[in-house]
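Chain nomenclature is as follows: A, B, C and D, assigned in order of appearance, with residue numbering initiated at 1 for each chain independently.
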Amino acid sequence: MKAYELHPNEGFASVQSVERPDPPAPGPHGVRVRMRAASLNFRDLAMARGAKARKSPVIPLSDGAGEVAAVGSAVTRFKVGDRVAAAFFPTWLRGELLEEHHNNALGGSLDGVLAEHVMLPETAWVRLPDSYSFEQGATLPCAGVTAWHALFEAASLKPGDHVLVQGSGGVSIFALQLARAAGAQVIATSSSADKRARLEKLGAKTTIDYRENTNWGELARAATGGRGIDVAVEVGGAGTFDQTVKSLRFGGTMSLIGVLTGVQGSVNTHQVLHKALRVHGVYVGSVEMFEAFVRALVAHEIEPVVDRVFPFRETKAAYEYLASGAHFGKVVIRID
Amino acid sequence: MKAYELHPNEGFASVQSVERPDPPAPGPHGVRVRMRAASLNFRDLAMARGAKARKSPVIPLSDGAGEVAAVGSAVTRFKVGDRVAAAFFPTWLRGELLEEHHNNALGGSLDGVLAEHVMLPETAWVRLPDSYSFEQGATLPCAGVTAWHALFEAASLKPGDHVLVQGSGGVSIFALQLARAAGAQVIATSSSADKRARLEKLGAKTTIDYRENTNWGELARAATGGRGIDVAVEVGGAGTFDQTVKSLRFGGTMSLIGVLTGVQGSVNTHQVLHKALRVHGVYVGSVEMFEAFVRALVAHEIEPVVDRVFPFRETKAAYEYLASGAHFGKVVIRID
Amino acid sequence: MKAYELHPNEGFASVQSVERPDPPAPGPHGVRVRMRAASLNFRDLAMARGAKARKSPVIPLSDGAGEVAAVGSAVTRFKVGDRVAAAFFPTWLRGELLEEHHNNALGGSLDGVLAEHVMLPETAWVRLPDSYSFEQGATLPCAGVTAWHALFEAASLKPGDHVLVQGSGGVSIFALQLARAAGAQVIATSSSADKRARLEKLGAKTTIDYRENTNWGELARAATGGRGIDVAVEVGGAGTFDQTVKSLRFGGTMSLIGVLTGVQGSVNTHQVLHKALRVHGVYVGSVEMFEAFVRALVAHEIEPVVDRVFPFRETKAAYEYLASGAHFGKVVIRID
Amino acid sequence: MKAYELHPNEGFASVQSVERPDPPAPGPHGVRVRMRAASLNFRDLAMARGAKARKSPVIPLSDGAGEVAAVGSAVTRFKVGDRVAAAFFPTWLRGELLEEHHNNALGGSLDGVLAEHVMLPETAWVRLPDSYSFEQGATLPCAGVTAWHALFEAASLKPGDHVLVQGSGGVSIFALQLARAAGAQVIATSSSADKRARLEKLGAKTTIDYRENTNWGELARAATGGRGIDVAVEVGGAGTFDQTVKSLRFGGTMSLIGVLTGVQGSVNTHQVLHKALRVHGVYVGSVEMFEAFVRALVAHEIEPVVDRVFPFRETKAAYEYLASGAHFGKVVIRID
C-alpha cells in the first residue's frame, strides 16, 4: 500500500512517500479500514520537525477517516462499507486518561493514518455522521474531540455562559461551534480582520484583535458584561495563560490544551488562587467522548470547517500550508 | 393595601380578599416592591385546599413581579423603579438547600406576593429581563427556577442529549425551552392532541400520548434511538416514576420534582440500581440559580408561555382555571 | 473439573454437583485461574431459587479467588502463581455502567466461579492483597466493591460525616469498615443484640434495634446530633426507603443497593425532593473501582469478616446457612 | 481598647501598638467578641512588609479566637460566653468564592483580629470545639480551613489515596492531620531532619529532603509505589509547581494555595495537559467549609500544632519568628 513515513531529516523533508505491505487479514476483533482522508494538527508539525530523533520510521497523522474494508470474526459493531474514523488514543475507551494510553497514540508511538490501509481493534473506531464526507470526518478525532472534552467534560457549560476561544485553528472553531450549540456566547481572538469576520459569521458574539490589544484578557472580560468568561479554551499555553486568567470569572474554568506558545513559560500562579480558578489539562479524549461528540454533531447538523484539501501526493505542501498559519479551520489530505 | 389571605374554609373559598396595612418604611437592607403580577403553581392549589388547618391567615402565592418602590439606606443592588421578582426561598441565597430555608418560603411559612406591596431583604430580589412584562416576570420564581435546577444543577446537560418532560404545566414548558436552548432534544408527553401540537411547535422532537400508551416510558426510550433519556424532569411523582425509569438510559438522571400523582406510591426501586440511575430531589432553587436562569433567558430571548391573565378581583377564578388542567403554560393574576 | 451448576429444580435443590471438561489453553489475552474459594451473596440465593426458569445450566456464584494457573501469550499483568479475584462484571472496566455489562455478569448470564477452573480475559482479574487468604479474597468482588462504590463513587465521603448501614450482611460490614477508614462515623441497625455488639466492636458509634424501634430513621438522625446522615447504604430497598429518608440530612445521599425487602414497594417520593436528596443506584462496580478498593484495604489492613467457611461438597448447606440470616459477614465455600 | 495597627513604615516596624475606642453595642445581627488569641500566617508578613503603601491604618491578622461578649437583639446562633473564631472572609458564607468576598477579608480590606474586641455579624463566627484552648482555636480560620478546602472541596480524597504536603507551616500540618483522618497516606517534604522526624511522628508515611533532592517530585512519586500523588497541597507556588506536577498521578489534583516562592514564575504548562491534571485555586474557604472542618476536628480529636505563643506586647517578635522559618506549626499571640 501507499503510505507516508517520518524519516530522520530536516524540517518537513522528514515526510517521505513509501510503499508498505498491506496489513494482514484482521484477527477476531480487528477492523481494517481503507482510509480516504486525513487531517493535520499542530502536533503533526512538531512530530515532523522532530523526526530526526526517531529511531525507526512511523506513519504520521492521528486523524483519518475511511470505510471498513474487512472485519474480524468476532466483530459486532461494524460491517464492511461502514464509514468510520479512528480514535487518537485507540486504547482510551472510557474514564480518565492513564499513562498507558500515551503509549498508544496514532502517528506517534503507533503508526498513524496517512496510508491506504489502517488496522485497529473494533473498539478504536467511531462511526461518522451519515452526511459527512470523508474529508469532514477526518477533522474530528483530535481537534473535534479536544473541543468537546474542553467544554463538556473538563467543564460543565450552561446556556447563557461565556466561552473564550483563541484564533481560528481546528480546536478553536469546533469549540466555537459546540459552544453555540450548547447555548453559550463566544468571545474569540484573532489578529486578522478577515478571520474575525469569519468567526463572527460562525456565531462569535465578540471578536478581539489580540495583537492590537495586548491586554485582550480585560477586553474579553468586559465583553461578558464584566462578569468574566466561564470556560476558556486555552490553546496558546504559557504565553497566553495570564491574559486568559484575566478574562475568566471567579471560579471559572480554563481548559488547558495547547502549546502554540511553547511548553514552558512564566505564569501568574497567584491569580489562579486569587480567583479560585480551575485549570484542567485536556489531551484529546476517550472513545466514549468521541461518540458523545458525534451525537451532538448529528443533532445540530454541525459542518466541520475545512479550509483546504490537498491531494495525497502533495502532503508536504499541506504541512507547509498549516505551518504558515494562513488557515481557517482544518487542513485535509485526500487519500485516493 | 389590598391583598388576599388564606382563611380556614372549604376549597378555594379559603382565598379571601382583605385590606392590610401598608408595609413600613424599609430597614437598612429592606426593599419594598409594588407588585404588578403574580402567578399560580400547583403548590398554591394544595395550600388553598389545606387552609382549614392553618392557625393564622397568610398571604398566598410565591411568584410575583413588580417594581421597586422604596429601598433601605444600605441597599446597593437596587434603586426605585427597578423591575424585580422575589425568590421562592428568600433566605436560600447560594449552595445547597438547608432545612432552615424551608421555614422561609413565600406563600407558605411566610406571607406571599398576592398583595399590592411586598417587603423583603435586597438579597431576596432578582432583576427581571428588560424586555419582560410583569406578567412574564411573575412566571419565573418557582416554575422557571425549578426547570433550571432540574436540567443544569441536578444534572449536567450536554448538546445532543435527550430530555423528557411531562405535560404542559409551567415547569415542563420552561424545561422544554431551556433544554432546547442548551442544544438538547426533547421528548414530551401529553394526553391532548392540541397540547402535543403546541409542544412540538415549541421545539419538542417527539410527543407521546401517555393515556393511549400506558407503556409510554418504552416509547420515549425508543424515540431517542434506543439509547434512552439523559435527563428526565419528573413532575408526576410516584405515579409516573416507573415509566420514567423505563425511559432513562443507564446512568441517566431523574430530577424528581413533582407530586401531581401524590406524595407516596409504589415504585420499582430495583430498576434504579439495575440501571445505575441518579434520582435527584429538586425543590425550586437558590437566588444564585435564579440569576443564572435569567442570564440564559436574556441570552436566548426566551419568552415565558403565559396561558391566561386574570384581573386581581378574579383571583378565585384563576385558582379554578389552574385546577381544571386546561392550561398550557402559566396562569397569571394581574395586580393593578 | 469439578463444578456446580444450577438446574431447574425446587429451591436449593437446583444447585447440583457436576463434572465439566477443563477449560482449554488460554488465548492470547486469557488468564486461567485455579479457584480456591468462593463467597455467597443474597443474589445467589435468588438465582438458585429462580433456576427453574433457566434454559441451560450455569455455574453459579460471582465471587471467587484463586491462583493463576496459565496465561496467554499477550498477557502482561499477571503471571502463573499470582493470587487474584474475578470482577463481578468482567467487561465493566472503567467509567459508568452500561446495559451491555449486564449481559456479562458472572454466575448469571455467564458461568460463575464455583468450579475448579475459571478462564477470563486478563482485564477481568484483580490482584489480591498479599496478606489475604483465598477465603478472604473471595469476599471482595460483589459485597466489597459495592460498599466502595456506595461510599466513594456514588457519594463523596468526608471525615466527620455520618454513614448509615443496615444489618450485618457483607455489604454493610464492608461499608462500616470502609467508612471508619475514611474517618466517618457509623450508625448501624440490627435486630440482634449480639450482632449490635459486634457492629460496635467493629467501630459503629451507635447501633439501633430496628424491630423495637420502627421509627429508627428518626433515631439514626438523632444519633448524628440532629444534623442527619450524610450517606446511607440502603440494602433493604423499598421496605426501608422511607425510614432511611428520615435519617438523612438535607442534601444527603442514599446509595440504593438492595432488594432485601423486595424489588417494588411504596415510597414517599415527596420527601426526596423536600430534602433535596440524591438517590444513586449502585450495582457492584467496575474493575477500576475494585482496584481502588484493594488499595484502601491494603493501606488500612482491613480484614474481611468471614462468618463461616464450608467445604466444597457442602455447598448446599452454605446456601441454606446464608438464607437463614444467622450470618455476620460473609459465607464462604472452599474449593479444594 | 488595646489593638495593633499597620502603619506606613519599613518592615515589621509597621506593626504598631495603639489605643482604639471600644466597638459600640451590637446592632440586631451583630456579635461582639472579646478576643483571647490570634495566629499569624505568611500573608500577614506580606501585609506588614507592604504597609508602606496603605492609605489608612488597619488592624492586622485574620485569625483569632475569643468569647462572645455581647449579642444583638436578633442573634440566634450565639450567646454571651460562647467560644468562637472569625471567618477569614466574613461574607463568604456558602457556595463559590466571588470577587465581592475579597473586598471583605479580615486584616486586609477590613480591620482584623489583633485587638481586644471584634464586632462582626453572627454569620461570620464559627463555634470552636469545646476542648480547644483559645490559642488552638486561633489557628483554624486561615491555615485550617485552607487545608480542608484543598483536600475535600477542591478534591475528593478517598482512603488509600496519597497526599503531598510541603514543609511544616500551618496549612501543611493541618493537611497532614486531615489527610490521615481521611485514611490517606502522606508524603511530606522538608529540608530539616528534625522537622522531617516530627512530620513522621504526626503520621507522614515518607518524608523527603527537597534541598538534597532537587528532583523530589520523582521521589514523591516513587514513594507512592509509582502510581503518583492523588492530591498535592501546593503551598510553594510557581517555584515548586513543576516538581509537584512530576509527583502527581495522571488525572491527579493540585490544590494551588501558596506564594511562598513568589506570585509569578516559569511553569511547564505542557505537563498539566499531558497528565490531564486538575489545578484548583484554593483561597481559604467559606463559613460552611469552616463548620465542616470543625466537625472533622471534633470527630477525630485533632489537636492543632501550636509552635509558640507570644504575649500581646511581643507581637513584633512573633512576626520575626514566623519570618525566620524556624517554626513547626502555628505561631500564636495571646491577647490578655
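Here, contacts are C-beta pairs under 8 Å (C-beta built on N, C-alpha and C of every residue); 3 or more make two chains touch, one makes a residue touch a chain.
In this text, all values refer to a predicted model and were calculated from it rather than measured experimentally.
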Item to complete: Using the contact definition stated above, find the chains touching both chain A and chain B.
Response: C, D
Fill in: Other chains in touch with both chain B and chain D
A, C
Item to complete: Have a look at A-D versus C-D and report the one with more C-beta pairs in contact.
Response: A-D
Item to complete: Could you tell me the distance, in whole angstrom, between the mean C-alpha positions of chain A and chain D?
Response: 41
Worksheet item: Taking each residue of chain C in turn, which ones touch at least two of the other chains?
Response: 96
Worksheet entry | Partner chain D, residues of chain A touching it in the complex | 96-99, 102, 237-238, 241, 250-251, 256-259, 263-283
Discussion item. Looking at the complex, which residues from chain A come into contact with chain C?
Written reply: 93-96, 288
Worksheet item: In their shared complex, at which residues does chain A touch chain B?
Response: 152, 156, 158-160, 178, 181-183, 185, 292, 295-300
